[in-house]
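Have a look at these structures, which come just after this line.
Two complexes come next, and they have one chain in common, chain A, joined by chain B in the first and chain C in the second.
Let's look at the complex of A and B:
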């Protein structure tokens, strides 16, 4: 299999795209979710609904404009381009999840921190984030898995250099001939890294997903 | 600074300079055995051309088609060499999306099989070089045919096929007389049915682009197909494509299978097939109207217009589709694994004839297909099992769904044809072909 495909490069691309887009997404989503949970306006619910509605559009509907933009900005077949696009795609889910977790945290604690003289940045970094760690961790893991498995954009916006593991698997599927062994081997290699990460972090994931379920 | 350090530095500089000077070709290709073999053998090319490096993007057919079409239509410039079929070449050449190919005398362009060459040319210019070509033919079980008391002629008729299929069927033993494609799709059931319809005198459009599904010829085709499959086909045939039928044939469940000539090497391979030593070949059937029900396809290599690396790309294509490449594959992997269906000289080679028992029938099948005159009555389009217009992928799949439903029995033949006629007329009017 190694003679046909550069597995190492595909793994590296998947890691950079999945982790890069997740961290960038969290960087944007944590302040956004904070403001929606603790300083809501009368339009907050509408904004949340609008963000979710962007997920309802079939991706192929925006393929051409995004492809043309990528071409013009020189982002086709680059990891940077994919990190940006994956961040934007998963941002609504990240914001929604974090918003739900943050809502469970009593606002009085943040108020107390503010009374003690904490600035907004300090309040988010030192008070809110540690309390929401299980929620943030499960959001992070879920988003990494979503970005890892995403096949539409990663297949359409890459060629050789930035192609992640989804392209690696696609290269082993054939309508003429039954190559189950190769396809199975490719699939196993593609899911192995994420399976290992999931195995080590399952405790955090379960804790995060049930966070606030029982009061 | 020692002499050794200076020497190492000079070496690194030379290496860096040569790397910087190397041109990288990105090649988009389809995932099938012949293409993967080419990828494995590219050391031969890069050894002779150290200034050219190759990057491979291997994809499943439909994904590849979607990616390269998006790229070439938007001038994305991601690929320098594209693997495309006989469907894309005439359409893209007309749009000016492909570079015309011109090779030196040693390439021997006249050695390319005329049917394949015509399918890849427009206005007398070659726009893609064929890597391998295929048609379709009948693959049958010699033992079951003998048991049925019949002898398969080299060029059977549809009536003979129907008769043989019924006699070979033994549903209790899970042996079905005939396996044909039923899965909906322009490249699945419609590839087979369009080629079959050609032999029954049907056509997709008349010379004014009016759909012809309301004619007698299509009714005869579809009725024959559904009756035959109901009586002598496997259960659930409406979801069978190439791979499903291949598995059925290889496990001894089909008496006959009409499909791509490339399948011949799979069904005669004892490592994969339980019936490897019992398979015979015949031309695709006809109905006495002068056209056979076989198709023509060639996976070919083309260069997108506007490519910055035309010279290097042309060098690579000349290497991959040359006679020398066939010799190289034969030396490394044996004559049976040489990409078939592109060059006449291959079929004159006694070593190939000996290694590939299906060679003669493959060549005859390819010769029997004419992409420029695919039907009994004149048509305004080229293509045997497809209509070479951009709208065909969508229309072909939609019509394929109606015909698949007719095979599954969820609608009648008449309903399927009416529906196919209406939807094709609607789409062709929308696209401006029908005024």
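Let's look at the complex of A and C:
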């Protein structure tokens, strides 16, 4: 049976994968969303639409190449591999959400800062960031929820070592349901943090999951 | 002043995201396309050869494919019907002010935050289990024969589980849309003597139309790829009774190691999803243009929004 330290390892895997992929995703997405919101080109809309379409690619369409590449690079059943995959599958949603939030920041303020001679870097640090923090925070929460609960790639790309809670709890499915207490405890601990985060971000959830189509 | 300098910087800033996503999409997808025309089994390394469209004809004429396609459509359709009908009803209820609204709303939304493997296991072992399950206990205490849901009606059981997970999503979005409904419009209708039913049909439903479309399209995208719930509860069985296309491709790939056949199946899944995605993208794209809220900021130097112009004039 699973010991306490085993459970702890799976919790750590979940935490590392969910938070790691979220921070990495934000790092890549914030500059992209910023430039699309404040310096749009003719192609910005098409780029956004295209990003969205990558999210609609069914995972089985790319399962085999990813699996084989991971096998060849030794990334199967590693946290690193899952962080990479999770970052990439959620990147379109992160860019989209940030874009819709950044769009709500009045451009006048940026103009004023520019008139006062603020450089691009100063503009970002002193003007944009404070105003963008609520949007970034809700994007962060939504993405942690999605990465924490993701159950296709985690089940297919991990075994014992790097399995996060989704995959670990799935392993309870083979013994016939006599482990109510253990299963209940593991499940409760796995969903409690997300329930709390979810409660705080339910409004943003609507916007994030509908790509801004319903607000 | 969006100078040349800023423009170049902007390009540079969006480059990493675009390049990464491009690689993520193009590289594996073209590899899948390539694999799909090969005879390629992981158990027989070095035997790869070009076989044209044999994998496709094999996959598409396989009886398993037909039942998987039927199951996929039933799963998507069933869950959508349940979540839309239930979601509209729940949203109407939650829109009324009542005591303890916050708690009730949290409870209604909660299933969406439960990870798929947990909800599938809880349903399998605690609710639907023929010996230990709650439903069996209720049936027995009523003097009825307990029913083995997952063995005798596997697909319907999975539809129930997945609908339970997605009902909160539909409710949440429909509730958000409902709250933006103009109260005066409802009051005016009431003054004209409209009852609940006619108000619902003529005012509420048309207002919800777009939100309902969004829910249908987005749920379709995600429901085409239902996987964990099937893996945990029935493993696609008995036979192929609860196998959907995603699960069929997974079984072909990682249980039978048939890379070529599974790749052909993956491409079929991509084509199916693209049909839905086409409509969804158009809907969202229209939305992006239509609303002033989304309009790009005017280039620097031009007078910006009318509100700020009004402010400076006063």
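Here is the rule we use: the second predicted complex is superposed on the first by the 177 of 215 C-alpha atoms of A that agree within 3 Å, B and C clash if a C-alpha of one lies under 4 Å from a C-alpha of the other, contacts with A are read in each partner's own complex, and residues count from 1 in each chain.
The rule is short, and it goes like this: contacts are C-beta pairs under 8 Å (C-beta built on N, C-alpha and C of every residue); 3 or more make two chains touch, one makes a residue touch a chain.
None of the values given here were measured: they were computed from a predicted structure.
Judged by the touch definition given at the top, the superposed model places A:67 against both chain B and chain C.
By the touch criterion defined above, A:91 lies against chain C but remains apart from chain B after alignment on the C-alpha atoms of chain A.
Of the two partner chains placed by superposition, chain B and chain C are both touched by A:170.
When the two complexes are overlaid on their common chain A, residue A:156 makes contact with chain B and with chain C alike. Touched residues of chain A were counted for both chain B and chain C, and C has more of them.
By the touch criterion defined above, A:76 lies against chain B but remains apart from chain C after alignment on the C-alpha atoms of chain A. Judged by the document's definition of touching, chain A residues 63-64, 67-68, 155-156, 167, 170, 172-173, 176-178 lie at the interface with chain B and also at the interface with chain C.
Those residues of chain B lying in contact with chain A across their complex are 26, 28, 31-33, 36, 39-40, 55-63, 66-67, 70-71, 74-79, 187, 241-243, 246-247, 260, 262-263, 266. Those residues of chain A lying in contact with chain C across their complex are 28-29, 31-32, 34-36, 38-41, 44-45, 47-49, 51-69, 88, 91-92, 95, 100, 103-104, 106-108, 111, 114, 120, 145, 148-149, 151-152, 155-156, 165-167, 169-170, 172-173, 176-180, 183, 187, 190-191, 194-195, 197-199, 202-203, 205-206, 209-215. Residue ranges on chain C touching chain A, taken from their complex, read 1-2, 5-7, 9-11, 13-14, 16-18, 20-21, 24-25, 27-29, 31-32, 35, 106, 109-110, 112-118, 120-122, 124-126, 129, 132-133, 169, 172-173, 176-177, 180, 210-211, 214, 218, 221, 224-225, 227-228, 231-233, 245-246, 249-250, 253-254, 259, 262-263, 265-267, 269-270, 272-274, 276-277, 280-281, 283-285, 287-288, 293-294, 296-298, 300, 304-305, 308. Chain A contributes residues 3-5, 63-64, 67-68, 71, 76-77, 155-156, 159-161, 163, 167, 170-178 to its touches with chain B in the complex.
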